[in-house]
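So that you can tell them apart, the chains are marked A, B, C, D, E and F in the order they are listed, and the count of residues begins at 1 in each.
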Amino acid sequence: MRLPHVRDLEGVDVAVVGVPTDGAVVFRSGARFGPEGIRSASVMLRNYNPILRVDVVDKLSIVDYGDVPTVPGSTADSLERSASALAEVVNAGVTTLCLGGDHTILLAELRALAPVHGPLALVQFDSHHDLWDEYFGQKLFHGSVVRRALEEGLIDGARSVQSFGIDAIPYEELAALGPGRFSERVRGRVGDGPCFLSFDIDFVDPAFAPGTGTPEVGGPSSREALTYVRSLAGLDFRGFDCVEVSPPFDPAAVTSFVAANACFEMLSLLALRR
Amino acid sequence: MRLPHVRDLEGVDVAVVGVPTDGAVVFRSGARFGPEGIRSASVMLRNYNPILRVDVVDKLSIVDYGDVPTVPGSTADSLERSASALAEVVNAGVTTLCLGGDHTILLAELRALAPVHGPLALVQFDSHHDLWDEYFGQKLFHGSVVRRALEEGLIDGARSVQSFGIDAIPYEELAALGPGRFSERVRGRVGDGPCFLSFDIDFVDPAFAPGTGTPEVGGPSSREALTYVRSLAGLDFRGFDCVEVSPPFDPAAVTSFVAANACFEMLSLLALRR
Amino acid sequence: MRLPHVRDLEGVDVAVVGVPTDGAVVFRSGARFGPEGIRSASVMLRNYNPILRVDVVDKLSIVDYGDVPTVPGSTADSLERSASALAEVVNAGVTTLCLGGDHTILLAELRALAPVHGPLALVQFDSHHDLWDEYFGQKLFHGSVVRRALEEGLIDGARSVQSFGIDAIPYEELAALGPGRFSERVRGRVGDGPCFLSFDIDFVDPAFAPGTGTPEVGGPSSREALTYVRSLAGLDFRGFDCVEVSPPFDPAAVTSFVAANACFEMLSLLALRR
Amino acid sequence: MRLPHVRDLEGVDVAVVGVPTDGAVVFRSGARFGPEGIRSASVMLRNYNPILRVDVVDKLSIVDYGDVPTVPGSTADSLERSASALAEVVNAGVTTLCLGGDHTILLAELRALAPVHGPLALVQFDSHHDLWDEYFGQKLFHGSVVRRALEEGLIDGARSVQSFGIDAIPYEELAALGPGRFSERVRGRVGDGPCFLSFDIDFVDPAFAPGTGTPEVGGPSSREALTYVRSLAGLDFRGFDCVEVSPPFDPAAVTSFVAANACFEMLSLLALRR
Amino acid sequence: MRLPHVRDLEGVDVAVVGVPTDGAVVFRSGARFGPEGIRSASVMLRNYNPILRVDVVDKLSIVDYGDVPTVPGSTADSLERSASALAEVVNAGVTTLCLGGDHTILLAELRALAPVHGPLALVQFDSHHDLWDEYFGQKLFHGSVVRRALEEGLIDGARSVQSFGIDAIPYEELAALGPGRFSERVRGRVGDGPCFLSFDIDFVDPAFAPGTGTPEVGGPSSREALTYVRSLAGLDFRGFDCVEVSPPFDPAAVTSFVAANACFEMLSLLALRR
Amino acid sequence: MRLPHVRDLEGVDVAVVGVPTDGAVVFRSGARFGPEGIRSASVMLRNYNPILRVDVVDKLSIVDYGDVPTVPGSTADSLERSASALAEVVNAGVTTLCLGGDHTILLAELRALAPVHGPLALVQFDSHHDLWDEYFGQKLFHGSVVRRALEEGLIDGARSVQSFGIDAIPYEELAALGPGRFSERVRGRVGDGPCFLSFDIDFVDPAFAPGTGTPEVGGPSSREALTYVRSLAGLDFRGFDCVEVSPPFDPAAVTSFVAANACFEMLSLLALRR
């Protein structure tokens, strides 16, 4: 979106922040180039959202905060450093939209957000539930992050909703539900409390989003996925992310375009409440 | 389609003509290789259209006229030269199917066609309306070409229909309409007069057509897009084009296959009237 | 699936066998790398099929038998050698799931299977009927293989069903039928007798499966295609294949993922009968 | 080179002919797209050769004869058909420059040339000697073609020279020789008699020519390879080929550029004798 | 190099400026993404140049000035706008290092530099002399830019040196000269006066730099090319550019790495004089 | 090399072992697919080394041991697990040739080897010295591994030789030395004691080996690099590795071919001593 690249948060509503990690993925790496890919694709975005009927740039002051530091070879250290850098943004009263990186960054985000906003309701679009306990004895990897967040009290499990692609509840069920009834169900569960939206690009079918680490065949089209995001208008989001975009597996950059559009819909959800 | 590559227009019904420009695009270039890509993919086409039930090669004498000249670095000069080369084909009573190149070639086509057929009704499939007035002070670029054509009196605005993907009327509306009611609406507006069909490949979702300059997430599948083209059977088309195919962003050539199929449907529309 | 790579067939239910041919294709070659591509993608598969509700690894003893020998430059010799190698597996009472290679391998499979199981009902998902008689005077190529199998009495034409994408019956008709009524129609025709399932990846739309030799625009999505495969639960399959995957045209490996999932559904069909 | 695409051989000196085979390769296929790739790259060629100081277009009347027919799935049939098509060109007194296709096409060329010119001295640049007797019992594949040609009496073994990359005589020896002494050695052996130049692109190191079926690490750079070709000025060549270019493994088309330049040097060798 | 991205030129020695044009190329476009590609690759650069023994970051204050505006579809308008934006930088006493874009940007640079520094000696590494008068009647394209600059009195022809790859003087001659004698010859001609260094990436062989519009087979390796650049130490450069990098044809980004290194050597030449 | 894939080490001389890590790289990831890429390319290798004049397969019993376990997200845990798995092979008296993975695997190898063979002389081909102390506070990453190995007493610094590409001693110096004098220098330093050969593919210029994490422009060609490896014939190597091959950045697989050849030369060094 050719956003101003600044670190001064005075008067800022939303900061787009890159968290370029990929050490903790189990299959294809490359998500560390996700922020670069999404930023590059975002020049195609516009200011006005014709479906939600809101001018995002008019309603919100948005900046590109750049990337927070990460540590190759240690997920634990990466989380610590990036959580601490994100906390500076969150403490300044700015909403964060983080560009992954792999899904472990969710833990860093929630560690920065929960001290300010309390435990958040998690609304997660993903092809995997990321509720594994461990993997090869490793507690921190992109498939265990939600379990860790629950254990740390960062998310409010009772109000959270996971919309899986494949792994646990097949996407078949979500498709049968449709955006309308899905929206109702989420609203009934999340309520008016503060919540967090996490969008794992592997939720989308690999024809539409090939550039990701653990693609799952049989997911929604990008248009369907964006409709699900838009169906959440009205919820009180305090943070957002879009994760697992891997440009080395995205030769025509179509995945980055989908991710940039998902980010635009998230910004629109926020703009609608201003 | 392994068409004969000739310049002799005696007895010819349709000439497929390449117009390899891409200087006037605002994002990804490469459309100058569009004609080469579509021709290469067209070897997979067949003679018989099983859905429209017409044998295209039996009904029509089709030739590959090669490429008309263009001028790198000046859209205005490119248009002048290519319009003049196209006029030779049009004046010989031959219907043109032009392979772009970027969308500015529409202006060259209409400048060749309007003197013979009068102002044409434009039926345009596109993710953008191309009605910008100017861009960086530039009157001629791929986003302003329809406005220029209206100003020059080459198209009949009252009878024209634009089926947008994203920019103005979201594709959501077109999808809600469906091919049947879309067809009725177009017929009601276009009537029996002469018309022109312009198919910008970015109308199709980037999962199906990644190889284009300004991809827009959330468009129709290629099957849906071809259905919309077929729904126009019966209109009196005097010219066709398929534009904005960019092979450098099309590693598996799928975009060129979609474009070749769109061209085949256009030829079928013509064959049905013979 | 990180299957054990063994040649000892004692106690084995299913052997996954590569047949790396591509000499007999008419357009893009590369299918000889299909087995390697599908195996590489199969590490993403799981044991449990949540839609068919069956644990494949629990029910079946599956091994990776490696590749059978083929002969570059002679389809006839390739068929002879691979049929003879496959016969060893079939004669040991093991069900084969062959990874192509181009579609000519079907003939080798049927020549190994028919002596044991009698003429089989063929259920074929494909964008082409492969019923050509000859091509450039050549009797054996990937478009004539079904005709050859009929002539040799390897398949029972009266009980066979071909679900075409484009060539003969447009996919439009299959789409109108839907998985439910398709399933009924197949059952009515195939009955309780032994049958064979052949899945040509070009049945799937090139947006979902670009890596193939003769892509046809306008086919089903991968999710739709897998639904058709699952709709065949209950039939008595004696052999399976997944053919025409061409990794050189599959830069993000999405085609191999679709193929691996199709193979998983086939294994699930078998597991359901144990 | 934007050559005229004609079949009329009246007054023609050289015909560039595509022979799109790849069924007989042992590793990566795709050479069937070699003629298309080299033609596409040839638009960058010029008329004048500044090193050999000759204007190729001025001295020679060159045409693009298109592709001769081949038969997928049978090398033997492909050779028969293409040899017979090439014979028409050779019999018209026209020198052929064939674009492969895999190296088996050499046999078709020699079968067309030897009846007119007698057994030819073969000068071959290649990373493999192609003297295998058989492979999996197959007499005709790209590694046995030279042996077959010797057996058929098409080449004069005593006057032939093979400049291997890796397989038999390492390129190390050729590199130590250098173009000057190499040239002397070839002249001493070939003499004034009629000869044939066969350039297998895998002679060049894969950094310079990645797009080929059996790349061999450690070969000459493209500049070095072209120097070796130029060093043959003065020999009496009656035919040329450039084989084993495989565009699917050539993402930036650099291999096709090298091949197009090698063809240009061959044409220059011919032009120098006019 | 992770340079600060600022527009404030106070105390700045060098500004790296992107000029993203590619409308005026005759073959492959895509150079408009050159600045993005080179910036992305530059994160691999270091501060210290071990061969020239100078710490670039220590000696120079360098900033990333971002891109100057360009106009798709009109080279003339692009030049006007970018020249005027560059003039602001030059007039502030800052040395410019421009990242192309195609070679027409040289004219914009010289139009900004000559009013301040007088006619400059041009030292040009290129595979083409860019001295064409016109092309399809077009005065401004990437092959005529040097002639235009001479006509406008922006460069001092008598003190200029062009080191061609292929077109006029073959690279063979430059290779025979070697960096040492080349350096002497340049110094003898350029003298102590102000000069400009233009590095067209197509000077380098396509094995090392495939991502460019008009690749020429047979050029120097990247190591050789960088040696030629370093051999110019001591000259009084007032401006630099690196042009014709085209990322869509650079799948592994190696061209951008070479370009980033060439830029680093240019900065080192400047740092040596501080 | 189509090696037998076994875990039984009875009578085995050499085990080829994959160590698929890439969490600890600072730039482009993807080295976890290195073992798969090198194995796939190794089918092109032969048994006989014509330059060293030794039949590798005749002299040595070689097996493919598969991959040892690694842990995504923690380099420390990965090293521990893979070192322990490698110790089983080393303790069985088998020489290891490890396929990386990133360069941190060197530490796992040395931890398995040193208890058996004592501190080893390290002969390292690399573009980086990997002697950093820490990076972002992280002790274990691919740039600090040699320092860690020295601290742990696994290598004998006084007898070790590092042949750098760029970082510390420019490749310029090594190039000036040449393989002959390099070989002498290494022999003088390493002596008759046990040693280890580590080959980081980024030692080779990116034109020849683009598929790596931190490419450095200006390195040796693959032929030159292999000559340096061969120059070490006679040393008493107890282990080998080839690291940092990243297939996602290697579209034509040329990097894997270079790596496979480097492994073949290592095996030849060993075979020469039998």
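Convention: contacts are C-beta pairs under 8 Å (C-beta built on N, C-alpha and C of every residue); 3 or more make two chains touch, one makes a residue touch a chain.
Here the structure is a predicted model, which is why all the values come from computation and not from measurement.
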{"item": "Set of chains whose contacts include both subunit B and subunit A", "value": "C, E"}
{"item": "Far-end chain from subunit C, centres as C-alpha averages", "value": "E"}
{"item": "Same-site or different-site touching of subunit D by its copy subunit F, using the half cut", "value": "different"}
{"item": "Rounded Å distance, subunit B centre to subunit E centre (Cα mean)", "value": "39"}
{"item": "Sites on subunit E at which at least two other chains make contact", "value": "205, 207, 221, 249, 251"}
{"item": "Pairs of chains found to touch, sorted by chain label", "value": "A-B, A-C, A-E, A-F, B-C, B-D, B-E, C-D, C-F, D-E, D-F, E-F"}
{"item": "List of subunit A residues in touch with subunit B within their complex", "value": "43-44, 46, 50-51, 205, 207-208, 221-223, 226, 251-254, 257-258, 261"}
{"item": "Parts of subunit D lying in touch with subunit F, wherever the complex brings them together", "value": "27, 166-172, 205-208, 210-211, 214-219, 221, 249-251"}
{"item": "Touch list for subunit D against partner subunit C, complex", "value": "22-26, 28-30, 32-33, 69-77, 81, 104, 135-138, 140-142, 248-249"}
{"item": "Of subunit C, residues touching subunit F in the complex", "value": "5, 36, 40, 251"}
